[in-house]
Amino acid sequence: MLLQVKNLQCGYGALEVVHGVSLHVCTGEIVGLLGANGAGKSSLLKAMVGLLTPWHGRIWINSRLSGWAPAWRSVSNSVVLVPEGRQIFSDMTVRENLIMGGYHNPDRKSDIDIILDRFPKLRERIGQVAGTLSGGEQQMLALGRALMARPKLLLLDEPSMGLAPLMVEEVFAEILKLRDAGVTILLVEQNATATLQIADRAYVMETGRIILEGEAADLLQNPEVKRAYLGKSYKEVWE
Amino acid sequence: MKLLEVLNARRSFGGLVAVDQVSFSVFSGQIKAMIGPNGAGKTTLFNIISGLLPTETGKILFKGKNIHRLKPFQIAHAGISRTFQNPSLFLKMSVLENVMVGRHSRTRWGFIGCGLRFPGQIREEKHIQEAALEQIAYVGLEHLADSPAGSLGFGQRRMVELARALATEPELLLLDEPASGLNPKETEDLGLLIRKIRDTGVTILLVEHDMSLVMDISDDVLVLHNGSVIAEGTPSAVQDDQKVISVYLGKGLAHAAPGEKSSMRLRRP
Amino acid sequence: MLKRLIPIVLMAAVIVAVQLLATALEKEYCLTQLTMAIYYSMVVMGLCLVMGYAGQVSLGHGAFFAIGGYTSAILTTRSFLSLQDTWWAGILKRLHVFVLREDMFGSPIMTVSPWAAFLAAMIVTFIAAFLIGYPALRLKGHYLAMATLGFAMIVHKIVLGSAFAGAADGITGVPEWTLGAGLVITGKSVARVQNYYLASGIALVILILLGNLVRSRVGRALQAIHDQETAANAMGINTSAYKLQVFIVSALIAAIAGVLLTHYTGGIGPSESSILKSVRYVALAAAGGMANLWSASLISTLINYLSLRDWFGTFDNAVFGALLIIIISIAPDGPFKPLGLWIRRWSSLARVRTGEKNHETP
Amino acid sequence: MGSEILILQYLLSGITKGSIYAMVAIGFNLIFSATGVLNFAQGEFVMLGGMIAVTLSFYFPLPVAVAGAVVIVACIGCLLELLFFRPLRHHSILHMIIITIGLSIVIQEAALHIWDEKVRSLPYFTGNEISSVKIYGAAISPQVLWVLGTITVSVILLHIFLRYTLQGRAMRACSSNPEAAMLAGINISNMRTLAFGLSAALGALGGCVISPITMTQYEAGAPLAIKGFAAAILGGLGNPMAAVAGGLLIGIIEAFSVSKLPAAYNDVSAFAILLLVLFIRPHGLFGSPSGQGVREF
Amino acid sequence: ASGDKNKPIKIGAIFSVSGPASFLGAPEEKTVRMLVDKINAEGGVLGHKVEVIVKDSGGSPEKAVSFAKQLSEEEKVLAIIGPSTSGETMQIKQLCEENKMLLISCAAAEKIVNPVAKYVFKTPQKDSQAVTWIFQTMKDKGISKIAVVSSNDGFGAAGKGCLEEMAKPAGIEILANEVYDKQATDLTDILTKVKSVAGVQAVVNWSIVPAQSIVAKNMKQIGLNVPLFQSHGFGNPLYAAKAGVAAEGTLFPAGRLLVVDELPADHPQKALLAAYKKDYESKYKEDVSTFGGHAYDALLVVLEGIKKAGTLDRDKVRDAIENLKGLAGTAGVFNMTPEDHTGLALDAFEMLTVKDGKFTIYKK
């Protein structure tokens, strides 16, 4: 088991937003994490990498207890978070952003090329100051930067947000490829349909608690999930 | 009636032409969607219309008057309001205060009046608060009115932004990716809300990547690519346009209904 | 409404209590330094508005204090006796703009009256604040800080290098200022209590006005500018006009404090315009929590008071620096905020505890 | 004295002053690049460097004294960061700046009580009080050449460090977006310590080389910090070369303003020009509009 | 009338022990503390112990005002000595006059005692006398065209005014007149300007700040090889030391404290100066300077006044001080009159020069 979380509670100031969550991710899996706005998904991910100190509960990564280490440690455990809202280094160039992603990676030079091959759009903008990229470009950069660290466990917080449909498709394809390349992925997404299609398992969170979990395919058929998260495809609406 | 008319707008950054001779119009009472790949120049165009960036050529006509030399706040006064792609709420203020700021352009007391608390100013303040609360209720966030905006989740912020924009009583509302960060169910609710807003007489120009929303609510779709318009028309016409499919829609996921076969190619063998 | 009145009434009560206590303990002389400290804290209040609410850092407020003080000092001490016979001096005399009086050594002089000088000081400050604020407020962050600091530097050097401002010696012999209704701003010990109430009264009025302002449409606009200037602009706020207006308002408050203190101490020296002074005001505003008018004015009154009473001797600056570090490290929002927060946290902690128990029995 | 020589002499005199400001400005820039904080205590590092070197020079030869001072002040810089900045959580940039103001005052007072109010200075590195190098008839103290040399070397090294080395880029990343830097695995606390140490060392080195020219006193730091700040801003924050250009420019403006205006106003002209430049170019001569110094606190 | 013998004589002192004028205030404070200890050890004055309350103004006038009020209204001191700078003194001159508080300033500017305020005295020599000495020496050397540079503090401004006023009558022409910042770190630009003016035969520098040594150095560095005259503010061996070889030959008027060894044994100041120098240097391990001497004199004047008046009544003490005659202090021999509240004659000065890094009396 690559990641295990038991009875985790955390929050901001005096406000608790995650009330005792337990979940696990096995090596080689894609695990989806769904939930409405403000359910506490992002907070949970932050706690896993140490950006948020857990108040209670435990986190094991690679069967080693963690969770109280500072956030910069998580990268050396090969756990990398792609945070919500991109968080790129906005006054550095695209190339420098990528280099920073590979801060702990001795092969960062050659890895940059691999990343640029994956995201040709970034190659076009390689010398541009990252803060001036379009929203979608920034999202790609954030993903590329995370990959530079050669993560074993990749925590993705809404990677498809703000991306054009074609790009969403590409990002999801990319996630699958990454899994094939041996990266384990915990995916937080609003695009529940697509998530459940590519994930092996999934959890559903509501107001700080896990309310459902199971095989992705099962959840896809679950009427409750369908009603609350899947909505209708636009084709359906149109026709 | 043409509410907004963009004529030959152009904007470049260094060597990059982000918006290139774009012309289009928005008619009163419409919901018009603007779509296009990442980096196509949609946000830049919004910035031009709302006065944050000057256009290098051409004109922006709002109700027949050229507004392209006006400052953003003057454009807000004229009746155009917007939301931002990255929600930019006033994070240190409460949700209520955020929306109250939206009333700014429709109120008038200045430094002296506010300092001395003239009776008229007190009355106005009360009106501002009532109107703001109404808007908050409209987007369904009454329970959060007093929480600081900085403590909201991403999706909630979008809603507050929408309420704030509505508080300016705009005639034209520009929405930059209002559904990003919302799940499909919430997106559907948003669609209903946008329709409701339109029904109160507000014209809406919308940038969105979520096709379910775009196809659901828009009357007219404009497709931008590399800064130029490549297609314009009804949603159904646009989604069958080969060019649009190839640069923007793709044919995989986006078209997929849940459980549909074509999407299963993504699954591991 | 009532909630707004509570701090005001409380403050007024404290002001009266301090005076009664000082008189009862026969330490009335303490009120002298307290009065001076209150005048200084008025600058901090204005700065709070600019920095805490509108988010514009000004390292130049000492200069506005000095502009106010110097303008009124120059006009009320320079003798225009040689102009006495011109027709317009006659008119001005009739209008009480010029007054005849005796200087320290008994020779007759004709100077501008304090009221007219005050008016002139306000006009000069307004012009200066406009001229520097208009272009400077396009700047942001460190660049704005530097521009205001540069302005303060220029004022300081002009004051130091100009004979009309008394160069390094400053100006002395500034007369008392009869406000009318028996009120006089003067450093004479007989009027000590009166002047203490005058100073605290004016300070309280400024506090109330600023308090009203920040809790209004204008205050929200300023905070919005602070948080997200672009968004504020797009919401219909004329950001540059607001920034300029708030800058001018706070400059005027600083200048008022300068005029008052100059009449109170009977003189002004170039150290009032020094960079150190300007930086000190900023630091005091920050120590008070920046966006917290009450606590900033209390803190700055207290610290200035202790310093003016030579509590720390040669360690005065060291203590100021140390206090600054401690306050900012421990209570960045001002020392009064944590108090409230602790109370709230205690109550919510209690709630969390009971919540915990609930979880353990699923 | 011919007018060309005169002009040259003013120029050299401007360079003398300017090099001093530039030396301080470089240190400003480094901490700024790493943390976004404008360190008001930078002048104090310069003062401490001079004071400690003078004290050490009673016991050791000059090079050892200078090296010793640089090391000690670097340690002080690190220590200050560890004691006063590391424990801070969720503090805004402005708060940190205010803390540096507090530190600057405290360090100054500490120096007053450790040493005293007297001026001190190191001996001239080459030559003595009256020796000068003649350039086309104009004269300049050889110590100025030492200062210029030190600046050149530091700037080149710094530029390479910040733009082309991993650690240097990481330093910039920390100021650009601390949370993201942390997620990339950068220990931002250590980076900040490093930045404080480095810029303290730079300041101290500056304090040593300028000490023979300017002399050192417990109060010498603050005026230097103001000019250094002005130089860094004039050049545009975030770029050590721009800082040097800014420093030299201010020095030269001051020198030439003396030739036309009463000398009492030379600061006035320097700052007036600084303001003008800022009003025309709100991010300094060479700064980028998206740079961090433009961001509000 | 001296009342309760246990009650000490309270004297207030306002010095800028720290801050930009600390090079004045610090030795002043040290001197006063030393002197008070000595006097009390010897039994005090009129049987009373002497208590000095020292306030550190940091050089700010507003603090000086606050402290002056504090000292007179709360501490009810008999007299105030200090402040160190003329700016601060001017700010409290009127205050002391109104409150009938005796003030013995340690600042030099002439306007402190001119016009005369009844309760205000000062101990440093007058600028005009220093200028007289300088111009006399220039005449002897055949110099008639000079440049003046001065610092932008009270001392510099007062001296500059004095030089300008007295030049014409003395037949001296000022060709260049520049003011520099008191915190200046380099002055080559100003001196270049001086050098560019044809015909300058000597430079007069008027300041008390450390920049005096910079003037000396920079003149030599840019090859401005004319005699350098300094004011009596150069009276601190440290400044000569900091200028090193550049200080050689500098001419300046000063009290005799710095050349006490050269004085004849029967000189009225010799014993006092020698004792002060010895005590100070052995107690504080630093060179004595004329600045500390001003505080010495101020305290001396007050105590002598008390002794002479035989009472602690302030007005009587004031009257006594106004009539002090032949009182030897560090700056010279004081002969106060109602018109002259400094009481030092031209002979309080001696023209000094720097030779081999040491101060010595200048001989033509």
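Think of it as A, B, C, D and E in the order they're written, each chain with its own count starting at 1.
The rule is short, and it goes like this: a residue touches a chain if its C-beta (ideal position, glycine included) is under 8 Å from a C-beta of that chain, and two chains touch if they have at least 3 such contacts.
All values reported here derive from a predicted model rather than from experimental measurement.
Each step here moves to a touching chain, and the least such steps from subunit A to subunit E number 2. Following the contact convention of this document, D is the list of chains adjacent to both subunit C and subunit E. Subunit B and subunit E have centres, each the mean of its CA atoms, that are 74 Å apart.
Here the CA centre of subunit B is 43 Å from the CA centre of subunit C. The distance from the centre of subunit B to the centre of subunit D, each centre being the mean of the chain's C-alpha atoms, comes to 47 Å. Computed centre separation for the pair subunit A/subunit B is 27 angstrom, with centres defined by C-alpha atoms.
Residue positions of subunit C with contacts to 2 or more other chains are 157, 160-161, 226, 314, 317.
Contact of a single residue of subunit A with at least two other chains is seen at positions 132.
Counting only residues that touch two or more partner chains, subunit E has 18, 152, 179, 181. Taken in their complex, subunit A has these residues touching subunit D: 49, 51, 70-76, 80-81, 83, 87-92, 96, 99-101, 103-104, 129, 131-132, 145, 149. Those residues of subunit A whose C-beta lies close enough to touch subunit B in the complex are 12, 15, 34-39, 42, 84-85, 121, 132-137, 139-140, 158, 161-169, 172-173, 176, 179-180, 190-194, 197-198, 220-221, 226-238.
Against subunit E, the residues of subunit D that register as touching in their complex are 1, 6, 9-10, 12-14, 16-17, 20, 109, 112, 116-119, 121, 128-132, 138-141, 210, 213-215, 217, 219-220, 223-224, 254-256, 258-259, 262-264, 266-267. Taken in their complex, subunit C has these residues touching subunit D: 51, 55, 57, 132, 135-136, 138-143, 145-147, 149-151, 153-154, 157-158, 160-161, 226, 229, 275-276, 279, 282-283, 286-287, 290, 314-315, 317-318, 320-325, 328-329, 332. Against subunit C, the residues of subunit B that register as touching in their complex are 50-52, 71-73, 75-77, 81-82, 84, 88-93, 97, 100-107, 109-111, 114-117, 121, 124-125, 128, 164-165, 168.
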